Amino acid sequence: MSGDTENLAGLLLYFLAVIGLVALILLLSHLLGQRRRDKATGEPFESGVVSVGDAQLRFSAPFFLVAIFFVIFDLEAVFLFAWVIGFRESGMAGFIEAVIFIVILLTGLAYLWKLGALDWRRDSRRLSGRERRAADLADDLAAPGSPTPGLAPEPPASTQERQ
Amino acid sequence: MLNIPMEHGLLLAALLFSLGFIGVLIRRNILFVLMSLEIMLNAAGLAFVVAAARWEQADGQIMFLMVLTLAAAEVAVGLALLVQLYRRYQTLDMDVLSQLRG
Amino acid sequence: MILIGLIAILFGAGLLCWASERYNPQWPKWIALAALVLSLVLVAVLATASADHSGAWLLRFEAAWIPRFGIGLVFAIDGLSLLLLALTVFLGVIAVATAWKEITHRSGFFYFNLLWTLAGVVGIFTALDLFLFFFFWEVMLIPMYFIIAIWGHENRTYAAIKFFIFTQVSGLLMLLAIVVLAFSHYHLTGQLTFNYFDLLQTPLPPQLAYWLMIGFFIAFVVKLPSFPFHTWLPDAHTQAPTAGSVILAGVLLKTGAYGLLRFVLPLFPDAAQQFSTVAMTLGTISVLYGASMAFAQHDVKRLVAYSSISHMGFITLAVFAANAQAYQGAVMTMLAHGLSSAALFALAGGLQHRLHTRDMRRMGGFWLTSPRLGAIALFFCLAALGLPGLANFIGEFLILLGTFRSAPTFAVIAALGMIAAPVYALLVIQKVFHGAPGGADTDTAAAGSCTDADRRELSYFFALIAVTVYLGFFPQATFEWTAPAVQVLLDFSSGGADTLVLGTAGGGR
Amino acid sequence: MNDTWLDILIGNGLVIAILLVVLLSLAAVLIWLERRLLGIWQDRLGPNRVGPLGIGQVLADMIKIFTKEDWIPPFADRAVFILAPTIVVITMLLAFAVVPFAPGIGISDLNIGLLFFLAMSSLAAYSVMLAGYSSNNKYALIGGLRAAAQTVSYEVFMGLALMGVVILAGSFNMREIVQAQAANGWYIVPQFFGFVVFLIAGIAESHRLPFDLPEAEHEIVAGFHTEYSGMKFGLFFIGEYLGVILISAIITTLFFGGWLGPWLPPLVWFCLKTLVFICFFVLLRAAIPRPRYDQLMSFGWKVMLPLALVNLMVTGAVVLVQEG
Amino acid sequence: MNETASNISAQQLLALLPIIALGAGAVAVMLIAAFARGHRSVAGATAAVLVVTLCTLPYAAREVPTAVTTLMVMDNLALFAIALLTVTSLAIVLFAYPYFQVRAVQREEFYLLLLFALLGCLVLVSADHFITLLLGLELLGVSLFCLAAYNARDPVTGDRSIEAGMKYLVLSGLASALLLFGMALIYAQSGQLHFAAIRQPDAAAGTVDLVVFYGGSALLLAGLSFKLSLVPFHLWTPDVYQGAPLPVSAVIATLSKGAIFIAFVRYVVSSNSLDNTQLFNVIVIIAALSMLVGNWLALLQDNIKRLLGYSSIAHLGYLLVAFLALQGSNLALALEACAVYLAAYLATIAAAFGVVAMLSCDDAHENDMLQDLTGLFWRRPLLTLAFTLALLSLAGIPLTVGFIGKFYLFSAGANAGLWTLLGVLIIGSGIGLYYYLRLITALFKPYAHGTADTAAVSLVPGYLAMGLLSFFLLVFGVYPQPLIEQAQAAADNLQQRPAVAFEPVEKQRFKR
C-alpha cells in the first residue's frame, strides 16, 4: 500500500516538475526572444515559392490504412501483453491459444500484403494485370471514391507523396 | 489502490455514458457522433473496471480489453465509411444520410 | 383409405393440370373433369358401400402425423359428411363445366387452383383431427384466393384480399381455440391430442368452454357468413369468375355450417346452449338483412350473394335451435342452397359472358332471345324463394318448424325472410328477362346478340334441376343419411329430450 | 502522514531535480557530441572553436536559441502550435520515470513500468502530428503525417519486441527485469531478435537518421517543424535527443543488464552502457543512408512485425520446453 | 478462472468442432482470397467450408451437452442453431454468387465477411458468459456493418449502401454501448459474468443494489432489442435493409436475428430473468408493439426490402411470444416453439430475399420495388412460386413451415396463458396478410411486356438455393416431425444444463 502510494506520489511530483520545467523554458524564451516584423514573416514557408492554395491537403490513402492497421494490430498486441504477463500461469494451453491467435494475425497480415495494402509505392510497370487489380482493390479498401461516375472527379491522389 | 467507493466510479461512468448518449442523439456531424459512441463504449469499459475493482476479480478487466477491441474495430470501419462519405458528399452532416425512406 | 385417395386424386390432378398446360392448353380441363368424375364415382362407391346406415361413422382412418402433439391423420365420415362430399364433387363438375369456355387464359393454373380448393374442402368435410381440419381449412383459401385474384372481374384484388383476410383472421381465432382446447385436455387428462373423438369428452370449465366456443363460432360464422361478418361475401362473389362463384356459394359457405354442426355443438354443448340466443339473433338478422340488401342490388351477382346471406341465416338459426327438425332442415338447406345458388351464379356468369355486364338496369327482355335461359332462371328463382316441391322449401320449412318449437319468436321473425325472398327473386326475373330489351339503359346493344343456352349449359343446368327436384320430392333419403349424425348431435345437446328424428334406419339407434 | 509526504517530497525532489538537470544537460551536450563524433568518423573536425574541444558550443547554442524570436505564425492554430513541441519533451521526460538507473535510484518503481514506457513513447506521436497539423503549411502537414504513420507503424512491434523479455522475466517491472538478468544473464543473448527489432523501432520512433523521413530536408524542407523556430524548435530538438537517450537507457535496462556489472558502481555501469548506445546511434547516422519512405514503411510491416511475432512465439516455446 | 481455462479436454474440443472448423475455414478462405483470388474459387471454398462445418455436427453431437470452460456451452440448442444458421448461410452464398457476378464491386470479400459473421453467430449461440456474448455479438456486428456498406463503390447502389452501412454502424454501436453498460451494471452488483451465476439477486443479502441491477437488466434488454430491431428500437431496420446489398439484407435478417435471439434465450433461461415481473411486462409491451407497428408500417411500403424489414420486426415480435413463455413448467414447449419458429422464419426470409436477389441479376440495379414484381409469375414461374411459398410461409399459411411455426407460437402462448399477446398476434397476422397478399397479387398480375427476363449470368446456384429453401419450407410444412424432434432435443438439453464449474464470488486478489 505505502509502496504504491509512494510510487504514485513520486510520479505525480515528477510529472508536475516536468511540466513546470517545460513551461519555464517556453516562458524564458518568450521573454528573451526578439520581436521582428518583416514583410514575409507572416507567410508560410514553401521553399521560397509563393504559397498557392490551402494547406489542408487531401492526404493519401495509405496514411489512412496505416492508421487502421495500427489500431487493429496494436490491440492485438494488447491481448498478447495480457498473455505474456500471465505466461507461466496459462501454461501450455495458453501458449497454444496464443499461437493460434498469432497465426491468424499473420494470416491477416499475409492477406493484406498480398492485396497490396502494405505497399506504399506502386510501380505499375512491375505489376502483372492480376496484381494491379489487387493493388487497385487495396486502394479501394482504403481510399474510396476513386473515379465514380456521376461524382466529382478526384484530384490525382497527392502525387508528391509517391515520388 | 486508493480506495474509491464503487458508486462514485459507476456514477462517473454513468455520467460519461449519458454525455456520449446525448452526443449521439443530438450531434449532426458524423465524426462527433462516432466520437460520442466511443465515449459511451469507454464509459461502459470504465464501469467494468470499477466493478472489477469492487469484486477484486480480473474478469471485468478482461471485459474492458474486449470493449477496447470492439471500439477499435468500430472506429476503424466507421472512419473508413466516413472518408467514403466525405468524398461523396463533401460534408459530414448527418442529413446526407437521408436518401432511404419509404 | 378411400378418403385419402379422394383427396390425393384432387391434389394430384391439380398438379397434373398445371403441368400439362405446357403441352396442350386443352388438357387441363379434361384432366380436371376426369378427376372430378372419378371422385364422384368414388363418393358413389362410398355411399353404396355404407348404405345400410349402421352406426354414425361410416368410415374411419387414423394414422400418426405429428406425434409430438398427438396430431394424427384422422379421417372419418358420417352421413352428413358424405352428403356434403357428394355436393362438393358434384358442384366441382358443374364448376368445371361453367369454366369450360370462360377460362382460356392460363387454364392449367386455374384448374390447379380449382381442384386444390375442392381438395381442401373435401379435407374439411372428412378431417376429424382438429389440427388437420384447420390445415385443410386454410389450404383451401390460397387457391380460392388465386381464382378470385387472377381470373376475377374488375375489382378482383380488393375482393380477394378481403375474402382472404376475413377468413384467415377468424381462422386464427379458431386455431387459438383449438390449441387451448387441446392443452386444456392435456392438463386435465395428461394426454395431448387433437383427435376429435378424444376431445369430445373434455370436461371443460364453463367459462373456458364459452370462450373457446366463441373462437370456433366466429371462424365458422365468418365463412357462413352471418350478419356482422358478412361483408366479404358480396365482394368475393361478385368479383370471382363463374366457376369461383359456384364453388364459393355452393361449397365453401357450407364448410361454415358444417363446422357449426360438427364442432361447435358437440364440443361445447352447454356453451352453445348458453349462446343460442345471441346466435339465433344473429341468424335472424342475417335472414332479414340479407333479404333486404338483396332487394336493393342492381348487380345480379351481388343480389344472389345477399340472398345467400339470407339463406345462411336460416342455418345459423337451425343449428342453435337444437332439435331434430331444425338439424335436418339445416342439412337440407345446405344441399339445396348449394345447388340453387350455384345454378344462379352460373346463370349470372352466363349472362355476364354474353352481355359483359352484371347490372340489371342494363338488362331486360332476354326471354325473347333466350327463352331456355329464362326458363332455367325462373326455375331456380322459384327454388330459391322456397317453392314447395323443391329442395329449398323442405329445408327452410323444417328449420322454421324446428325453430318454432324451441324459439318461437325467432321463427316468426325469420319467417318474414321467406316472404321477402319472392320479392327479390322475382325481381330478377322481371328485370332481366321481362320488359324491354336493354332495360332502363338503352345503350346496351348486347341484347340482340344474345344467344340462348347451348348444349353444354343445358346439360349442367338440367343436372342441377334434376337433383333439386329429386331432393324436393324425395327428402327422406337424405334424412336417412343424416339421421345418425343428427342423433349424435341431439345426444350431445342438453335438449336431447326431443328425439323425434325424421328418418327410419338411424332412428332406432 | 505529514512526515510521509514530506519524506516523499524531499526524497523524490532531490532525485527529480538531479535527473532533470542531467537529462537536459545531456541532451544539450549530445548536440555537440554528435557533431564532434560525426566529424571524427567522417574525418573532419566538427565544432571546435568555442571553448576547449568546442564544448562551449553547447552554451552558445543555448543562448542563441533562447534569444531567438518566439514566433508563432499568424496562419497557425495558436494553442496547438505551442502545445505540440511541449508534448514530445514532456512524454520523453516522463518515460524516464520508470528507468531504473541503479538500485534505489529512480523516480518510480511501477509494476507496469514497461507499459508506461510504451504508452509515453506512443504519446509522442501526437507531438509531430499536431505540429504538422497546426502549422498550416503543406510541408509541415506531410511531414506530420509521415511522422505519425511511421511512429504508429513501428509502435506496434516495438512493444511486441519487448514481450520476449517479459516472458523471460515474468514481469513488466523494469527493476525486476534487471534483477532477473542478474540471475539468468543478459537478455541480449536469448532475445537477440527482439533486441534488433526494438533497436530499429527505437530509431524510427525517435525519427533519428536513417529513419528521419518526416523531416527529410531534401523533400519536405524540415517536415513537421518547418514553421518552428526559436525555443519551440529547440524543444523538438531536445525531444529528439531525449528520445535517443531514452531508447539507449531502455535497451541497456532490458537487454544489457541495466546497472549490473562488476567492480564499478551500478550507476556508472548504467551510464556507460547507455553512452555506448548513444554513440551507436550517432554512428548509425554517419554510416547508413536514408531509405525511401515506402521502403521504410514496407520494412516495418512486412519484415519487422512478422519477425517480432515469430520471436515471441519461439521465445514462448523455448521457455515452455525449458521449464517443462 | 485460469485453472479452468487451461484445462480444455478432448471432449470439449470435439464439442467445439463446428466452431473450430468454421474458424479455420474462414482463415483458409481468407488465404484463398489473397493468393488464388477469383469469385468462383472463393465462393466455392466458402460453400465447402460451410458444408464441412455441417459435417462436423454429428461428431459434436456425440459430446453434448458439454460446457467448454465457463465461457461457452455446446448443447443441442447450440447445435440446432448452428445447423440452421449454417444452412441459411449456404443458401445465401448460393444466391449471392449470381448477384455479385453482375456487379462492379470486389466480390471475394463478401464471402469472407459472411463467414466471419457466421462465426460470430456460432459463438453467440453457444455463449454462456458475457464475454462470449460480447465477442460473438461484435464479430457479427463488425462484419455486418462492413457488409451493409459493401456496395459502396458500386456506381448504382453505392449511395444507398454507404448510408446503410453508416446507419447500421452508429446504431449497432449504440446498441453495443447500451448492452455493455447494462452488463457492467449487472456485474457491478452480482460480481458474475457467467449467465447461470447471475440469478435474480437476493435483496436480503444486502450486497446488491436492486435499482442498479434492474437498471442494468433494462439496458441489456434495450441493447438486445436494438440488435433484434424490436419496436421502439427498430428505427434503423428499414433503412439498413433497403440500403444494404440484397444478400446482406438477407444476412442481417437471418443470421444476426437468429443468433442474437438464441443468445438472448440462453441468457434469460439461465439467469431466470423472466421471473421479474417488471421486466416481463416490459417485454410484453415490446412484443405487442413490434407485432403491431412492424406489420402496420409494412403496409405502407412499396419497396420489398423495406417491407421485409418491417415484416422481420413483426416476426421478431411473434417470436417474443414464445420467448415470454419461457418460464416454469412451460419451458420445454416454449423453447421448442422458439426453435421451430426460428427455423421457419430463417428459411422463409432467406428465401424471400433470395428471390429478390435473383431478380436483381440482370444489371447493377436492384429490382426491389413492388412494380418490378408485377406479373412475375408469367415471366419466371419457378422463382415466383418460391417467392409465393415464402410469402405464404411468412403469413403462416398451411402447407408451409411458417404455419407450423405459428401453430407452435399458439401452443406455447396458450400454454403459458399469454392471452393478450395472442390476441395481438392474431391482429398483427391479419394486418400482415394484407401486404403479403398485395405482393402475391402483384406477382400474378397479367404482365404487359410478356417477355422472359434475361439474367446476365447463370442463375443455377441461385436456383439451387431456392430449391433447397423451398424444399425445406414445403416438406417441413407438411411433415414437420423431423424438425420437431430436433427442436425437442434442443429444448430438453437446455433444461438439463451441464453442471458448470463456476466459482462463487471469490476474493481472488489479482496481481498488480
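Order as written gives the chain letters A, B, C, D and E; numbering starts at 1 within each chain.
In this section, a residue touches a chain if its C-beta (ideal position, glycine included) is under 8 Å from a C-beta of that chain, and two chains touch if they have at least 3 such contacts.
This structure is a prediction, so every number in the text was calculated from the model and none was measured.
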| item | value |
| --- | --- |
| Chain-contact steps, minimal, separating chain D from chain C | 3 |
| Both-way neighbours, i.e. chains that touch chain B and touch chain A | E |
| Most distant chain from chain A by Cα centroid | C |
| Leader among chain pairs (count of C-beta contacts) | A-D |
| Distance-maximising chain from chain D - centres being C-alpha averages | C |
| Chain whose Cα mean lies nearest the overall Cα mean | E |
| Approximate Å spacing (C-alpha centroids) for the pair chain A, chain E | 37 |
| Rounded Å distance, chain D centre to chain E centre (Cα mean) | 51 |
| Length of the line joining the C-alpha centres of chain A and chain C, rounded to whole Å | 79 |
| Distance between the centres, which are taken as Cα means, of chain C and chain B, whole angstrom | 64 |
| Numbers and ranges of chain E residues touching at least 2 other chains | 152, 158, 512 |
| Contacts with 2+ other chains: residues of chain A | 4, 67, 74, 91-92, 113, 144, 148 |
| Touching two or more other chains - residue numbers and ranges from chain C | none |
| In contact (per the touch rule at the top): chain pairs | A-B, A-D, A-E, B-E, C-E |
| Complex interface listing, chain E residues touching chain C | 378, 392, 395, 397-399, 403, 406-407, 410-411, 414-415, 422, 425-427, 429-430, 433-434, 437-438, 440-441, 444, 446, 479-481, 484-485, 488 |
| Footprint of chain A on chain B - complex, ascending | 1-2, 62, 65, 68-69, 72-73, 75-76, 79-80, 83-84, 87-88, 90 |
| Touch list for chain E against partner chain A, complex | 2, 5-8, 27, 30-31, 33-35, 37, 106, 152-153, 155, 158, 512 |
| Of chain D, residues touching chain A in the complex | 4-5, 8-9, 12-13, 16-17, 20, 24, 65-71, 73-75, 82, 86, 89-90, 93-94, 97, 107-110, 115, 135-142, 145, 148-149, 152-153, 155-157, 159-160, 163, 166-167, 170-172, 219, 221, 226-227, 230-232, 234-235, 292-295, 297-298, 301-302, 305-306, 309, 312-313, 316-317, 319-320, 323 |
| Sites on chain A touched by chain E in the complex | 4, 86, 89-94, 104, 107-108, 110-111, 113-115, 130, 133-134, 137, 140, 144, 148-150 |
